[in-house]
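Common to both upcoming complexes is chain A, partnered first by chain B, then by chain C.
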Partner chain A sequence: MTLRTTNPVLRALVSLKLTIACLAALMVLVMACTLAQVKLGTWPAVEIYMRAWFVWWDVPGTELRIPVFPGGALVGLVLLVNLFLAQLVRLELAWKKVGLWISHAGLILLVLGEFVTGAFQVESQLAVEEGQTVNYVESPRELELAVIDVTDPAMDDVYSVPAARLERGGAIPIPGTPVAVQVRRFFRNAELARLGPADPPSPVTAGVGTGVAVRERPPVSRDDQTNQAAAFVEPVAGGRSYGTWLVSNGLGAPQSFTHEGRTYQLQLRSRREYLPFAITLKDFRHDVYPGTQIPKNFSSLVTIANPSRGEQRDVLIYMNQPLRYEGKAFYQASFGKGDTLSILQVVENPGWLIPYVSCVLVAIGLIVHFAITLRRSSRRRQAASEA
Partner chain B sequence: MISRLDSPSRPSGARALALAAAVSVVALAGCRSEEIAHYRVPKSSGSAAPAPAASPMMPASGQVPAPPSPVAGSKLVWTLPARWTETTGGGGMRYATLKAPVGGRLDVSVTVLPGEAGGELANVNRWRGQIGLPALDGPALAKARRPLETKAGTVSLYDFTSEGTAKSRVVAGLAVVDGNSWFIKMTGDAGAVDAARPDFLRIVESLRRDASND
Partner chain C sequence: MNLKRAVPWIAFGLALAGAASSLLPSGKPRGFDVEAFGQIPVLEGGRVKPVDTIARNALLMIRGKQSASSEGRSIGPDEWLLDVMFRPEVADRQELFVIDDPEVLGLLGIQQSRNRYYSFATLAPRIDEIQRQYVAAEPIDPKVRSHFQSAIVNLFERMFLYHRLKNTVQLEGTPGLAAEIAARAGPGAPQRHQLLVELAHFKPLLPVTPAGDAWRSVGEALTGTTTVEPGLEQWARLGLAYQAQDAASFNRSVADLAATAALGRPDAAARSDHEWLFNAAQPFYSGMVIYVLALLAVFVSWLWRPVLLQRLAFGLLLAGAVVHTLGLASRVLIQGRPPVTNLYSSAVFVGWAAVLLGVVLERMYRRGFATAVAASSGFASLIVAHHLSVDGDTMEMMRAVLDSNFWLATHVVTITIGYSGTFLAGALAIGWVVRRHLTRRADPAASKAIVAMTYGIICFALFFSFVGTVLGGIWADQSWGRFWGWDPKENGALLIVLWNAIILHARWAGYARERGIMAMAIFGNVITSFSWFGVNMLGVGLHSYGFMDKAFWALSAFVGTQLVLMLFALVPARFWSARRAEAAAPGKDRPEGASQPV
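Right after this comes the complex of A and B.
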């Protein structure tokens, strides 16, 4: 392998030392991220260490943030450039190197695949009770204020306002409706309790929240904790206020008001993505080994109904046997309500095949390279023995 | 994007493309849309999917404590007019859902809550708020109240119609029986409520204690 460049920047970018430095930095990041998960939970730790360009340190007592280490995204990008340029600059374009070319392409694809996953993978949940039909998935870590026009007896018009928009406050006009929602206050996490005599008076004038006290709590991020968000919102339609309402993902029942003959529901809930098909849970099974409580199998027998395809069929989803349908994979993830509720983890990742393709490429490349080297070596031996 | 990686004959173009692709992919990861989305979807069966709180992996956190169940011995029954139907429950804290044989948007419900359930003024103002009417004060409430004597005791009846061109109307009765608050409420388009009102009043007048429960 000869280096065919004199440009110092290019030389640095293609150097093997940079590859080693990147791999070492990734090891440090993986270790730090794993340790941070204990305190922060999986998702925030991955966002802070792996998906960020830099790992930042908040200087205590100040507003200052200092980058202290390259983040996973930056290290991945440098590694990607390094691998790519090294392939072009270092590897000669010859048949005897074809195995290495294939393996390198596989490695580049592997790193690139992680960027595709980071950018496009969407994880959500589908919770369905036996006998229930559900046509949406929910993102437990993202919330939305759903303003739903429920007037039509068969169809709902759902207007989804992301929680990030609520956090900014102010008036939010709902397009296509005469309704605007004025956000009075937003709590990322709050405790809701019955309004007691010691509580300050509630600003809520309508809905079920009039008797509820909202106490702000610091947001949580660990996997076993859930934020209970809450907001005081005032729907205004046709210049008329419909009062101040409390909305929260901790309140079960939706609340509604009627304007000009149309009824609108207000609900702060996990962000929903509606599906072009519906899933009905026919049966959930939680099998245990005889005489013990040790789980043997969890499975959900579901019916998929897709009117656009004229399709209606039963599918059994069980451990490690997900249902792959319409670009989504439905995994058996959890259960509840005395084994009548099944919770499926729903993963949508357009790049899910990339790691498999990369591993196959790397393996093929190594086999080809080994075969070429073996052939060359055996020829040399043959030549030596003939001489 | 991926296919371009194995084209070493034009390294500079390929490099630029790969870099641009990687940077744009990473940049996309940081985007968090604040746009309001609109979906038109068929109504789901049953109630909304239970929150992940039901999962053993995600324990419930600080829900508002559920109201205690109504005390026993205070069940009310009523007589349904011809062609009216009823189903028990119906979601939330509903005791029963009644269906009137009239067209248009109409919802008739019976709800029971323990104690005063926030009080008469708060509940009446909640109903008024649902159709965009301003809250009443104590004297205005007394003026709006129409007492109706039934076998279950006195029912306070209220009737409100919204403003605007497409009017909504709510007719609702409230009775406190054996420490529980009973609400019987009809709401919907003003025309539909108007058509069902005589029958609804007959239902309210027929309210009585359930003999089988005593």
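Right after this comes the complex of A and C.
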């Protein structure tokens, strides 16, 4: 190794030992993350092991949390620094090393891409029934309390409070309106049932929730489970209380109250992001192989209407064939309601092209490097057999 | 001298001839042209296949074997299916249902004995009890079923399959299809037709429109018809003839049915013939036998006539590779899909790629060593594939998200080649360990050559597993918008990439020498087997029973042997049998790669 430095810190940072240690630590993390998914589900396992700087251990019986292992983000960062510096310090600029240069550059890009994804990727869903038009996407995990002024039949004013704010409790003034929402209690996961004689009396005084018992449940995280959140909220306007209401994403119809001639709806729902365009589902198809129930194809024929661009056109979204539009990609993900409801996965990731570039770079680099190595070793063997 | 040159070719030719001999017509049992019957195309599981495939898969599922015994002689799957459909009273007495679970036997009031097979007639009196237990066990999630529950569900499903086969062409207990056709407008006919529609296991009648793929069951063809189509009438005559054991008439009906199919759907008939040929040839079974012979030849060569026998072994390996390739190519043609579509085909493909790499290595190094490793890898992977095939049709249709020949051909094939390379490197390392501990001859050059081969194969594996993994990410990005989702299968592939990268960097840095590299290469087997099979078991969890239960123990045992072999690899040189190799040439024991990357 031609080290051009004597600084011990730099030497450690560029050493191959550190590379190997990082790769090994990454293997441990990946393994742990994989096994943890069985119990926790994908999302929390990735948050705990891969996207964190440290893996924490809650000491049982205490409030103490001890970092027990570097997390994926830290290992990735160290690996990135190590790769980058090694490139500058250790690897000589020679033609026989060109393959390693290219593939390492590709790897740096790949790790960077994963950081970009971790920081910027937003995943949401768009559920649309045949004939329906939808102009928003919904978060699969986060909830919001929507306070909607529906007085004007042509247009709704939507104010939303993220569930994280509800969890803190207290009074939340809704900007632009005289209304403030007082959060009495918030449940991250709860079971709703008809209020029985054995249940404690409900604090709810208005809306459909008066006859409903709310039983707290431990929050779940596995991929096949969803939380049913609930909250007791009390809208207050102009010094007057409009009663305590039960809101939950498990309740179907919105509930409303009227204050000074304006009608407000209350709804706890998946967090929405409104789009500058609308999508209409014209037809959903679910084909099976003849004589079986094995799905052959799912496809959604949708119309995009974008007034700002004066655009109106049909698009067919099907397996392995997403629609990329306005920085978002729409994928056929699921379906329901007797094949009349189509659920599209919507992903926004500004770094989506990075892995493509890095893959090509690494592959070319490895081919070049191994070709050079193979040529040299076969030349050596030839020389040995001639000698 | 001439003989030596000819030996590999003779071995090659003889092995191929042996494999081809299974294609010779096997004669007509009792005068019935059972083979021609097996070639008739029908629709099942979403694709057109020969009756032979249905018979084989059904018999494999019910009995665990591709043969049964009836009236004192061994019968093949096609003859068995004929008995089930047209002579159920004979089939009911055949010992078909393999039952291993003592609790299920206890439920049936049978003591466990050496005989594991029971006839339908034996089980029939207890069928209500079996069904009662099935209804209780079936709603339980397969992951948490007890041993007994899994076994009873499995038994009931096999009995139900048997029942459906019996009622596919004609209803059991009725005079037969001919009578059914005659009484098609009579009283009770619609109910019987409906029953035939519901119970049919396969659809034997061609679609009405020449281009459509709506094949029809007997019940569907009978419903509301006044005219009788030729196919229906031919099946009826075939049934009558077999019932009456009239070979001549049976053979005529079979020929007529074949002609109807060839005329109506020439493409389906040709494909079905090809698949029948593939079934009859059993290329993967022949390949297994040839690989074992090659392996034996290498073993003997270490004791006697090394040069001659090594050539012979290489000839056999080549023959095995050809048979294996033909089998793989046939599957690709029949299915119209790239070679890897499910776990079964990945096992076949992993072995195939390892064998081809072994052939290349043997050409480069010519020591017989690569032949031995390649033959054992090919054999081992075909054995694994065989054990994966008992679940039914190995050419099932692809679910919608997987229905992309482009990605199956690129991502899946590349990643499987990556598995294959990592396994081959591990196998080479195992060979190196075994050789070190068993041979007394000092041969540092050979040892060096093996290390060089392993190194080369690890480079190869790193390339393919990396490219395969990233291609998988790109496929995921294309189909659900997530380049990397930390899904167990993705993680498994990433582990292989990381491990191969660690091996190569440890070698380049000089941290691991010969022994270390070899031990690490063997650990590559553990990593690969985890990401290939282990992650599939994760979803199953700790309470898994039945097949995956067995697979879990097999995997654990495999990992255990690999760890032991790693220990053997790491044992210092003075404990080796071949230690004189090191002692004789201390100057050559230079740590390679210590100074710079190779």
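Throughout what follows, the second predicted complex is superposed on the first by the 349 of 387 C-alpha atoms of A that agree within 3 Å, B and C clash if a C-alpha of one lies under 4 Å from a C-alpha of the other, contacts with A are read in each partner's own complex, and residues count from 1 in each chain.
In this section, contacts are C-beta pairs under 8 Å (C-beta built on N, C-alpha and C of every residue); 3 or more make two chains touch, one makes a residue touch a chain.
Keep in mind the model is a prediction, meaning the values are calculated, not measured.
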Considering only touches as defined above, state whether A:A329 meets chain B (first), chain C (second), both or neither. second
Return first, second, both or neither, reflecting whether A:L18 touches chain B, chain C, both chains, or no partner chain. neither
Between chain B and chain C, more extensive residue contact with chain A: B
Which holds for A:Q132: it touches chain B only (first), chain C only (second), both, or neither? first
Contacts of A:N320 with chain B and chain C, given as first, second, both or neither: second
Does any part of chain A touch chain B in one structure and chain C in the other, and if so which residues? 333
Within their complex, chain A touches chain C through residues 1, 16-17, 19-20, 23-24, 26-27, 30-31, 33-35, 37-38, 42, 45-46, 50, 100, 110, 113-114, 117, 123, 288-292, 294-298, 319-322, 329, 331, 333, 345-347, 349, 352, 355-356, 358-359, 362-363, 366-367, 370, 373-374, 377
Could you list, by residue number, the parts of chain B that touch chain A in their complex? 1-2, 5-6, 8, 11, 14-15, 18-19, 21-23, 25-26, 28-29, 32-46, 48-59, 61-65, 91-93, 105, 118, 122, 125-126, 129-132, 135, 162-168, 187, 189
Sort out for me which residues of chain A touch chain B in the complex. 51, 53, 73, 77, 80-81, 84-85, 87-88, 93, 101, 105, 108-109, 112, 115-116, 118-120, 125-129, 131-136, 138, 140, 150-151, 153-162, 164-165, 168, 172, 174-176, 191-194, 205-207, 210-212, 224-226, 228, 237-238, 240, 242-243, 249-254, 256-263, 269-270, 274, 278, 280, 333-337, 341, 343, 354
Chain A-facing residues of chain C, complex: 43-47, 203, 213-215, 396-397, 399-401, 403-404, 407, 452, 456, 459-460, 462-463, 466-467, 470-471, 473-475, 477-488, 491-492, 494-495, 498-499, 501-502, 505-506, 508-509, 511, 535, 538-539, 541, 595-598
